[in-house]
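The chains carry the letters A, B, C and D, assigned in the order they are written, with residues numbered from 1 in each.
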Amino acid sequence: MVRIGLLGCGRIGQVHARSISQIEGAKVTAVADAFAEPAQALADRSAAQVLEPLALINSPEVDAIVIGTPTDTHYDLIKAAARAGKAIFCEKPVDLSADRIRDCIKVVERAAVPFLTAFNRRFDPNFADLQARLRQGQIGEVEIVTIQSRDPSPPPLSYIAGSGGLFRDMMIHDLDMARFLLGEELVRVYAVGSALVDPEIGHAGDVDTAAVTLTTTSGKICQITNSRRASYGYDQRIEVHGSGGMLRAENVLETTVELATASGFSRARAQHFFLDRYAAAYKAEMLHFIEAIAAGTDPSPNLHDGLRAQLLADAATLSLTEGTPVDLS
Amino acid sequence: MVRIGLLGCGRIGQVHARSISQIEGAKVTAVADAFAEPAQALADRSAAQVLEPLALINSPEVDAIVIGTPTDTHYDLIKAAARAGKAIFCEKPVDLSADRIRDCIKVVERAAVPFLTAFNRRFDPNFADLQARLRQGQIGEVEIVTIQSRDPSPPPLSYIAGSGGLFRDMMIHDLDMARFLLGEELVRVYAVGSALVDPEIGHAGDVDTAAVTLTTTSGKICQITNSRRASYGYDQRIEVHGSGGMLRAENVLETTVELATASGFSRARAQHFFLDRYAAAYKAEMLHFIEAIAAGTDPSPNLHDGLRAQLLADAATLSLTEGTPVDLS
Amino acid sequence: MVRIGLLGCGRIGQVHARSISQIEGAKVTAVADAFAEPAQALADRSAAQVLEPLALINSPEVDAIVIGTPTDTHYDLIKAAARAGKAIFCEKPVDLSADRIRDCIKVVERAAVPFLTAFNRRFDPNFADLQARLRQGQIGEVEIVTIQSRDPSPPPLSYIAGSGGLFRDMMIHDLDMARFLLGEELVRVYAVGSALVDPEIGHAGDVDTAAVTLTTTSGKICQITNSRRASYGYDQRIEVHGSGGMLRAENVLETTVELATASGFSRARAQHFFLDRYAAAYKAEMLHFIEAIAAGTDPSPNLHDGLRAQLLADAATLSLTEGTPVDLS
Amino acid sequence: MVRIGLLGCGRIGQVHARSISQIEGAKVTAVADAFAEPAQALADRSAAQVLEPLALINSPEVDAIVIGTPTDTHYDLIKAAARAGKAIFCEKPVDLSADRIRDCIKVVERAAVPFLTAFNRRFDPNFADLQARLRQGQIGEVEIVTIQSRDPSPPPLSYIAGSGGLFRDMMIHDLDMARFLLGEELVRVYAVGSALVDPEIGHAGDVDTAAVTLTTTSGKICQITNSRRASYGYDQRIEVHGSGGMLRAENVLETTVELATASGFSRARAQHFFLDRYAAAYKAEMLHFIEAIAAGTDPSPNLHDGLRAQLLADAATLSLTEGTPVDLS
């Protein structure tokens, strides 16, 4: 039985608690949150204790820590958990500073504890199947990756301010996906972007519409576009062109119903809410984490993956400012 | 809190227990099964008691009975539950004899207890959405209903013997779906069928490939085909043609991934296993049952729907034998 | 060079003239029509002579006759053309009377001239590809054929009167398609139908919405539905279920454009006009006819195919009247 | 009657001759080619004269010139035709040098003759429909354009040498399409590329896999990827994301047939040969040219469009060499 301590009882913490409740051989034994009420509610549902964060981390009843607290708290919690010898599952982004992630890597590697950076999309059954087919060579050598990623609507302006900007907050998922699919490091980034959805986002120093072109040393290419607006749902598509063909994953629609009238044929929107769209992915990533702990293997993606995605997001942010491509060492 | 007693702890009973565990305001308090082991396992998972069937039905800790036992036991259990004043959720078919279903109707109506005949497909999000659009008039008056329903592979011959035949065992779902979509009674049935999948099924007196044409008094038409074989998955499609257009629900594929090579474009199979394909439907039908109990409304489909589907299946069976259309009064 | 005499310069005659003009090794050398103007216009465009029908049939400048005149004139023209030793391409239906088609068979076989019954849909690239894949065994043995065939809107009532009824006028195409796909004769027919589109069609003694179930001696099944109304275009779909899988041909849409908005994803209507939908089929059937003449092989489908489709349509018409299945010898 | 002189009787010249033969009110009256045989064959089929190029241009029997000769001859032919006061239809690219296109503009504008730069894809029914819907505002303001354009296989190395490079030879179509869809000038280009398909293409100084990111003054974004290889057909897709939704045009498949087996669902390849894929586009562009002449209106796209696409291709070529974005004035 893997006994889990949950740090953060907000929306994503509740998602993880539900996943754990459906996994044989794991249970939530302790929870912590800055607010008493959600902590108690989740503790009741899970038959778990409410503890202070550090008490939870050091509790002998806890084998693994799931971190779903605000980003700026990750750094200290990771270090404490690593020192306590606990396995760590940490929401993305690990931290907005690459240097602080490097610090975490040192501490975690010294402690030799399992660490999962929770890039949930790698665990989506569609994207995971696509990547498995790539590894099986179904389309030969990868040549071009194209990712379309668009949110149904922009977050509140208050959120934008502390988000680190679109590349670190939103595109980081796509940058990680590009690495996952290419199997080779991206070394050059060129970014463009503008505030077409809401000029206030521009005034806040960020963009809401962006695109990057990335390349690898061997000449493979990746293009990504992001928008903070998509009337037709949460647009999440990837396409990989290889020497032998193409693989793509289309959007997940709300139903399979098709209506035909004098206006033509119409189907439902894409699923709108990210928790619905990635429901299976959240379960699968938690299962992977728990199975890795049980088997004594390393979870993946790890902290190095978290760092690399962050460096790509930093480079894209710099490229946008400078107007030139930026190289990663 | 609706307290539920579960009769039958086999595969479908476990599905219902899982659904109940995810519904706020309901819990399994008692379970019963002919075999001790699955009963105890399910009781442990649900923190419920193991009881004898009649003790369970009459327990003051039980408000509603979910019947997932073999078909030939339904009759007695329904009558006992009705007399005990309990709400009843009964797996399909209610019984293989229409007369015995009529008996059940009398007892249940006298007791005035809520009753749901568990035609799960009505609760599939795709089919339910299609039917809701019909009721909204999106394609005007319904004229033609076409249903394709094919199992991935035939059941064991031992199962065929006691199944009542393809029309009562398999097509009954489609006959209920036809009624659900047409909103008007089907009054004439013509059936054809043969044993193309396995001649042994023919020797056992049944068919594995069948089609019916049904009509309503006003001249609406329904066509259904069934096969006990479909290499590409559990084929479950419906299409409704109306005065103003068409609505159809396509199969649910395993993933959204598409592969393009010199052979063309290919996508995954349809989901194969009925418990996967109808996972959302099983949850939704249980939620409907529990909400109806809580609200004091009548669940639907009810015993009359169960009877009518049985009469259509009986008529199709007779039509096949006689080689002529059969009228229902 | 195959020199062709065209009988009938109406809409379908003009289609055939255009097809011939695009085929190397064939040309229209003579035309005939009851009306002078369209005959002259077509003659001008084709650099052909205008002749009287019998003069055209017997002209030494004519090797093959294309009959696109009203159905009731086919019988005499076929016999005259056969006696003149000319190859014959005849629009469907050959005749509304099976006995008269049998007469034609005698005359044509005695004369040993090539004869094509113009069931154009067999030459549609989609349906032809589907049938070729069946013959290659891509889905094993055929078990169930399902055909959906719906016109965008009903013909004028005046047309209905002389049409022979829906089964002989419209469904005959689908009955021929069923034979083409099954590769085995259909021996029993059960038909239902009603006038749901326009009650006036019912008053005229016909139906506008119909369905048949057909069976072969070995137990294969075919279901066909027809409607005289389809807001979303000319609905022409076929699906074949076999022991190893399924093959289907979907509708041809007007464009490949997809629109995504808050209402969902929408695509264009199906092509509406039968001459557009089957443009490639008309060319391919004429090419087949001319190539068969040039090669000295028998065109297909032939007069026997025309007869068999007519007998099925007759049987369906009788089944509708009698309310029982009808057997073909 | 618009009388047309055809310069160049190769593959594309023959396509144009066939289009003209199907347009009422136009005919080919004269043809010219460097080789006698194809010129005579085409003259025979069109009942036209064979003339020397300059004689053809100046013939009083010729109202309009269609230029389908090698690129390096366009410049002189355009100037001669303009001076002769003839309407001009010229294959793309107009010339590989932007300065020489500017020269042509001067001459053509002085002569005030109609001029069509034959970017055939604008006339594809799918892309034209998509663009018309954009202009109707179906998705609001355009924000992101994504174009995937991939040839089935690379041209011979001998062709690469004189092609001007991938951006001028292949991507120029997509650059024109981007302008067509955006309705606003692209002012900055960043290009990446490599020789992944055939290293010999790299040794010849060109790339076979490329991507560009372009931006407009107002912040709209376009991404294009090109490859000289696509096993699944001639990959031609465009997608436009706007403030109110998305419009996309998918590939045109060879048939509508779908096969379902234990391996899943598969459809045909995309049409492979560009003359098949764009057959309707070639007809529509010629019809547009002839209708514009008849109506006295300006054909579109014109020489300025040809120049602008060339400048974008030049900028992309420079960007690839320099490794930085390039601005257009």
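Structural remarks
Going forward, a residue touches a chain if its C-beta (ideal position, glycine included) is under 8 Å from a C-beta of that chain, and two chains touch if they have at least 3 such contacts.
Values in this document were obtained by computation on a predicted structure and should not be read as measured data.
The chain with its C-alpha centre at the largest distance from the centre of subunit D is B. Should one ask which of A-D and A-B has more C-beta pairs in contact, the pair is A-D. Here the spacing of subunit A and subunit B, counted between their Cα centres, is 40 Å.
Subunit A and subunit C have centres, each the mean of its CA atoms, that are 57 Å apart. Counting only residues that touch two or more partner chains, subunit C has 231-232, 244-246, 260-262, 268. By the touch rule above, subunit C contacts subunit D in their complex via residues 125-126, 129-130, 133, 138-139, 244-252, 255-262, 268. Against subunit B, the residues of subunit C that register as touching in their complex are 141, 143-144, 146, 148, 150, 188, 190, 192-197, 209-213, 215, 218-221, 223, 225, 227, 229-232, 235, 239, 241, 243-246, 323-325. Considering their complex, residues 231-232, 253, 260-270 of subunit C touch subunit A.
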